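Same chain, two partners: chain A is paired with chain B first, then with chain C.
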Partner chain A sequence: MKIIKIDKKEWEQGLDKSRKEYHLFGAVKDKDYYLIQALGDKVYPDMESSDTILSPKSVIFPQTEKMLTANLDEAQDNHHIMERVETDYSPRAVLGIKPYDAKAFKILQLNFDTEEFKDPYFCDAYAATTLVGLAVNNPGQFDFSTSVDTGPFDETDLDVLLIDTGNEYLAKVITDKGENFISKCGFDNQTDEKNALETISKLKKKAEKAIVSTVSHDKLNGKTILELYNAPFWDDIAFSCINCGTCTYVCPTCWCFDIQDETKDKSCIRFRNWDTCMSRLFTEHASGHNPREGKTQRVRQRFMHKLKYFPDKYDQGLMCVGCGRCVKHCPVNIDIREICEQMNS
Partner chain B sequence: MHTYTEKIQNLAKDVLKQGKAEMVIGFKQGTIPMAANPFVAKNENDADNLIWSSTCGLNLANYLPGIKKCEGKIGIIAKGCDSRNIVTHIVENKIDREKLYIIGLPCTGMVDKKQIALLFDDEITQFSEEGNTLIVKSETKEEKINKQEYLRSNCKTCTHRNPVIYDELVSDLVEEQIIEDQFADVKKIEAMSSEEKWDFFDKLTEDCIRCYACRNACPLCYCPTCFVDESGPQWVGKGQNTDDIKTFHYLRAYHCAGRCTDCGACEEACPMDIKVRNFTRKLNKDSLELFNWEAGLDISQRPPLDTYQPDDPDDFIM
Partner chain C sequence: MENPYRPYPVRIDDIEIATEDKSLKTFKFVFLNKEDEEKFSYQAGQFAELSIPGIGEIPIGIASSPVEKGFVKFTVFKTGVVTSHLHNMQVGDIMGIRGPLGNWYPWETLENKNILIIGGGFAFTTLRSSIIYMLDPANRAKFKNIDVVYGARSPGMLLYRDELYEWEKRDDINMHITVDGTDDPNWNYHTGFVPQITEDFGPKADKDTYAIVCGPPIMIKFTQPVLEKLGYSDDQVIMSLENRMKCGIGMCGRCNIGKELVCKDGPVFTLKEINLTPKEY
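Moving on, here comes the complex of A and B:
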């Protein structure tokens, strides 16, 4: 393992060098809040920013993504044949991603990239992406990442982990992708590994200790699906829900999408959009029957999926990385931590 | 604790005990600072969880059409705007007046949580209020601020703080605000050139993620299937195409014409801080100027868009 010391004064210059090969993404202040955006020339990520409203999942899994296209002109030989749209999959790097947000991509992978099925759009975008994480030295009150098998310094799905030590970043180079990015930036001030690891370990312990928010889910595995599904509390939990899509759209691990075709003149585009299980339309059948007709069923679905169906099916922990965005942004303050505790009790 | 909290709890207990209503819709304390969670108290014990604060910014009238199983009356805590939406529900035949037991709450305004958050570089960890003073804390500092300066913009121009319909009141009525120019914000937009207006509205909706929180927090938006959710025919594209996004916002606003009470729930709910009231405000101004109409003041009055008068303004045709 290599640890590089980066003087913060040289950080932006380094990023500029990397732009020859990489499209950069990072947190940018937009109006009064932060969003993950593609960084234009001379735009740099805000590394001090608090959480972005939306998670970085859109860099690899965009809210609206073109998939296929077809020509509808019957005079053409290839008419009505769907072909994959051309998308730019040249290298991209996400800068300052929170370690648990990066871990969320591992969860998305369980759906989009399996032995049996490979979603080409996700896989190509994922392969093109270098994840440059920034360890969270001062976790906020919404962060319960350490309760769900990740944490403020989790390296699981990072190519590089940056640790802010004041005037410098220590860059822990984790993968070959990370190595390539760091070298393209021209960062080469390798530092003594032992000392650096000690510093990192201290900061990590401090950060993990600072996390005040916890959630227990140890008993969920021992409960049957029906026991939880038929639990008496769902109506009360769902009462305040307005069935908007906020929780699912801000979530780094929600992966559901809807496919749409749109035609204009002689061309057709097939694209997919994030979908939300909070919407009635999500499960409405063509017959008009809807297996999740009421909001209680929809609210239950979201929590059962994240906290029971997913863990049962994949045995990879919860479908949640504890970023706290849904807790923070839910308009009616439905709190997954509270519901998880209720399910676990 | 807000002075209303204890009164609400006692009133709700009494209402439930006496059987004046089968349930009382109110708020309970949220799990995070500056959050209140809509909640239904079904018995006296539940009623202990009811609270009031200047963060109870959602409109509880929104929950009435969703209550299917209730043989007795539904109790509801209603501040001025909630009560006006209850009137609108009654006028639009969504619910019977007889079905309701309304606990009116003279309101002194809801706070703008997003503005308050901007006072801090870090997260707000505590929020409390003493009369007109808000005490807000983060890890690094404490601010004592005047509530009136941090009201939501709809509360700043509100002239109906007192409930317009109720069975009981939480307190004496409060003095209504006198607003010199209620639509200064709309006039600013009206004064723009067409290009400037396009630009303004394009920017306004550019961050929309189509979560529909604005629509779903709105008591007016009770259509069984919203036009954006229709699939046969599909009126509006589903993606992040900006024209589709704008179509949603513009059409939704028009569906609220003559009905909107400017309760601010749409903006309160928006996770992207989009000021969607910019659309409905203009329609409220038109309703007032053209029809001398403010929505939800009187259950005996039909709204201007479902009545016809020979002297209705028709300048737009001529």
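Moving on, here comes the complex of A and C:
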């Protein structure tokens, strides 16, 4: 394990060096909130920012993504034959990603990178991405990441973990990808491992202790799908829901998408957009029949998917990293922690 | 990396109006590239996404049979944006097919068994594929008795009528063709709903008999108690489900019933499996 000490004064200079090889992404302020965005020249990530309103999933799974294209001009030889659009998959680095947001990519990967089918758009973007995490020293009030098998210092899906120690970052170099990024930045001040690990361990304990919000899910595995599905509380939970879909869009682990075609002149594009299980149209058949017609059914689908279907299907924990965005941004205060407790009781 | 979203280019080789009300047409496609046809190696019971560039995609059961080579066939009900567009397309037009997708009827389990096929309306497409497959000289000996109950509203709404009447004449398949009603004095087959005809003519279950059921919800609802009465257990009843789909490869997230994805884990399930999931189809 290599730990590099980075003086904060040298941080931006290092990032500039890396730009020769990497497109950089990081949190920037937009009106009253933060978003993860591609960073233009001389734009640097706000490393002091609180959670971004949307998770960083769009770096690898964009909100709108072109997939295929075809020429519709019948005079051309290849007309109506769809081919993959050309997309830039040169190396990119996400700076200051929260460790639990990075862990969410592992959850998305279970959906997009399977034995039978590989989603080439996700796989190529994921392979091109270096995740430079920033440990969360001061967790927010909505953070319950330690309850769901991740946490403020989780390294599971990081290439580098930065730990803010005041005037400097300690950079734990976790993977080869991380090593490459750090060296392209020119950061090479290797520090004594033992001391650094001690410092990190102290900060980690302090951060984990600061997380007061917890959720129990230990009994979910012992209950059947139908037992939970037919539980009496779903109407009450869904009562205030307005099916706005905010929870699904801000969620780092929600992966549902729609596919649409658009044409302009003699060419067409097939693209995908994030979709939401809160929408009535999401499941409506062409006949008009809808298996999830009512909002209770749709609300139930979201929580059953995250807390029961996913864990049963993959045996890799919940489909939730405890970032708390859905709790924070829900306009009617629906709280996944309370629902999980109800399902677990 | 094979791109599972990229459709194989195909040409419409033939279009046939399938029902008297013209709401269904059977499209015959040939692959532009021979190697794509080999990649599109399928089993009876699977489906594919018919893909029209600029319009969209629609999941449809494969009506041709793995033993029919050189083309693939789909019978399509005109109902939404993509199917309406498809109904207006012409022989020679180029479009795409993505697949084969989903699982299939459990042919290994069904070997050396009696098979009762129950179909209604236009949900007979993958059942046609299955019947052609079983009746193929290379396969017929693998199965014992084959009974088929198939019904539609009227004689003109039955799919694949010529083939039905051919099968009716054979002695290695027992056809029980029915219509809800008809004023045709020359109608030689049954009149009555599928559940009733199944009860009157369907074989009783034993451990070597399986039923494959495909049809509209109302038919399925009233056929289930009949099968129970005939002694079929829930794992001897095989069904094919439909749900709204986009990707067809288990990724876009909308077609699930509980933890099962109809597009990838299905569309074929036993009634026993379905009984363990929420009925969200």
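Note that the second predicted complex is superposed on the first by the 345 of 345 C-alpha atoms of A that agree within 3 Å, B and C clash if a C-alpha of one lies under 4 Å from a C-alpha of the other, contacts with A are read in each partner's own complex, and residues count from 1 in each chain.
As a convention for this text, contacts are C-beta pairs under 8 Å (C-beta built on N, C-alpha and C of every residue); 3 or more make two chains touch, one makes a residue touch a chain.
In this text, all values refer to a predicted model and were calculated from it rather than measured experimentally.
Asks: With both structures lined up on chain A, is it a clash or a fit for chain B and chain C?
Replies: After superposition on chain A, chain B vs chain C: fit, no clash.
Asks: For A:F112, is the partner it touches chain B (first), chain C (second), both, or none of the two (neither)?
Replies: After superposing on A, A:F112 lies in contact with chain C but is clear of chain B.
Asks: By the touch definition at the top of the document, which applies to A:H79: first (chain B), second (chain C), both, or neither?
Replies: The answer is second: A:H79 touches chain C but not chain B.
Asks: For A:F233 in the superposed arrangement: first (chain B), second (chain C), both or neither?
Replies: Neither chain B nor chain C is touched by A:F233.
Asks: Considering only the touch criterion stated at the top, classify A:V327 as touching first (chain B), second (chain C), both, or neither.
Replies: first
Asks: Between chain B (first) and chain C (second), which, if any, makes contact with A:Y33: first, second, both or neither?
Replies: After superposing on A, A:Y33 lies in contact with chain B but is clear of chain C.
Asks: Between the C-alpha centres of chain B and chain C, what angle is opened at the C-alpha centre of chain A, expressed to the nearest 10°?
Replies: Seen from the centre of chain A, the opening angle is 90 degrees.
Asks: Between chain B (first) and chain C (second), which does A:I53 come into contact with in this model arrangement: first, second, both, or neither?
Replies: A:I53: touches chain B, not chain C.
Asks: By the touch definition at the top of the document, which applies to A:D258: first (chain B), second (chain C), both, or neither?
Replies: both
Asks: More residues of chain A are touched by which partner: chain B or chain C?
Replies: Ranking chain B and chain C by residues of chain A touched puts C first.
Asks: Between chain B and chain C, what is the tightest CA to CA spacing in Å in the combined model?
Replies: Taking the overlay as described at the top, chain B lies 6 Å from chain C at its nearest C-alpha.
Asks: For chain A, what residues appear in both contact lists, the one with chain B and the one with chain C?
Replies: Overlap of chain B and chain C footprints on chain A: residues 258, 260, 262, 284.
Asks: Give the list of chain A residues in touch with chain B in this complex.
Replies: Spelled out, the residues of chain A in touch with chain B are 30-33, 35, 50, 53-54, 63-64, 140-142, 239-240, 242-246, 249-250, 258, 260, 262, 271, 273, 276, 279-281, 284, 295, 327-329, 331-335, 337-338.
Asks: Along chain B, where are the residues that touch chain A in the complex?
Replies: My answer: residues 30-32, 35-40, 58, 62-63, 66, 114, 118, 122-123, 125, 207, 209-213, 215-217, 229, 231, 237-241, 268-273.
Asks: Enumerate the contact residues on chain C facing chain A in the complex.
Replies: 1-7, 9, 32, 51-57, 79-80, 83, 93-96, 217, 242-244, 246-247, 249-259, 264, 276-281
Asks: Which residues of chain A touch chain C in their complex?
Replies: 67-68, 70, 72, 79-84, 111-112, 114, 116-120, 123-124, 224-226, 229, 255-263, 268, 270, 272, 275, 277, 282-287, 289, 291-292, 297, 301, 304-305, 308-310, 312-313
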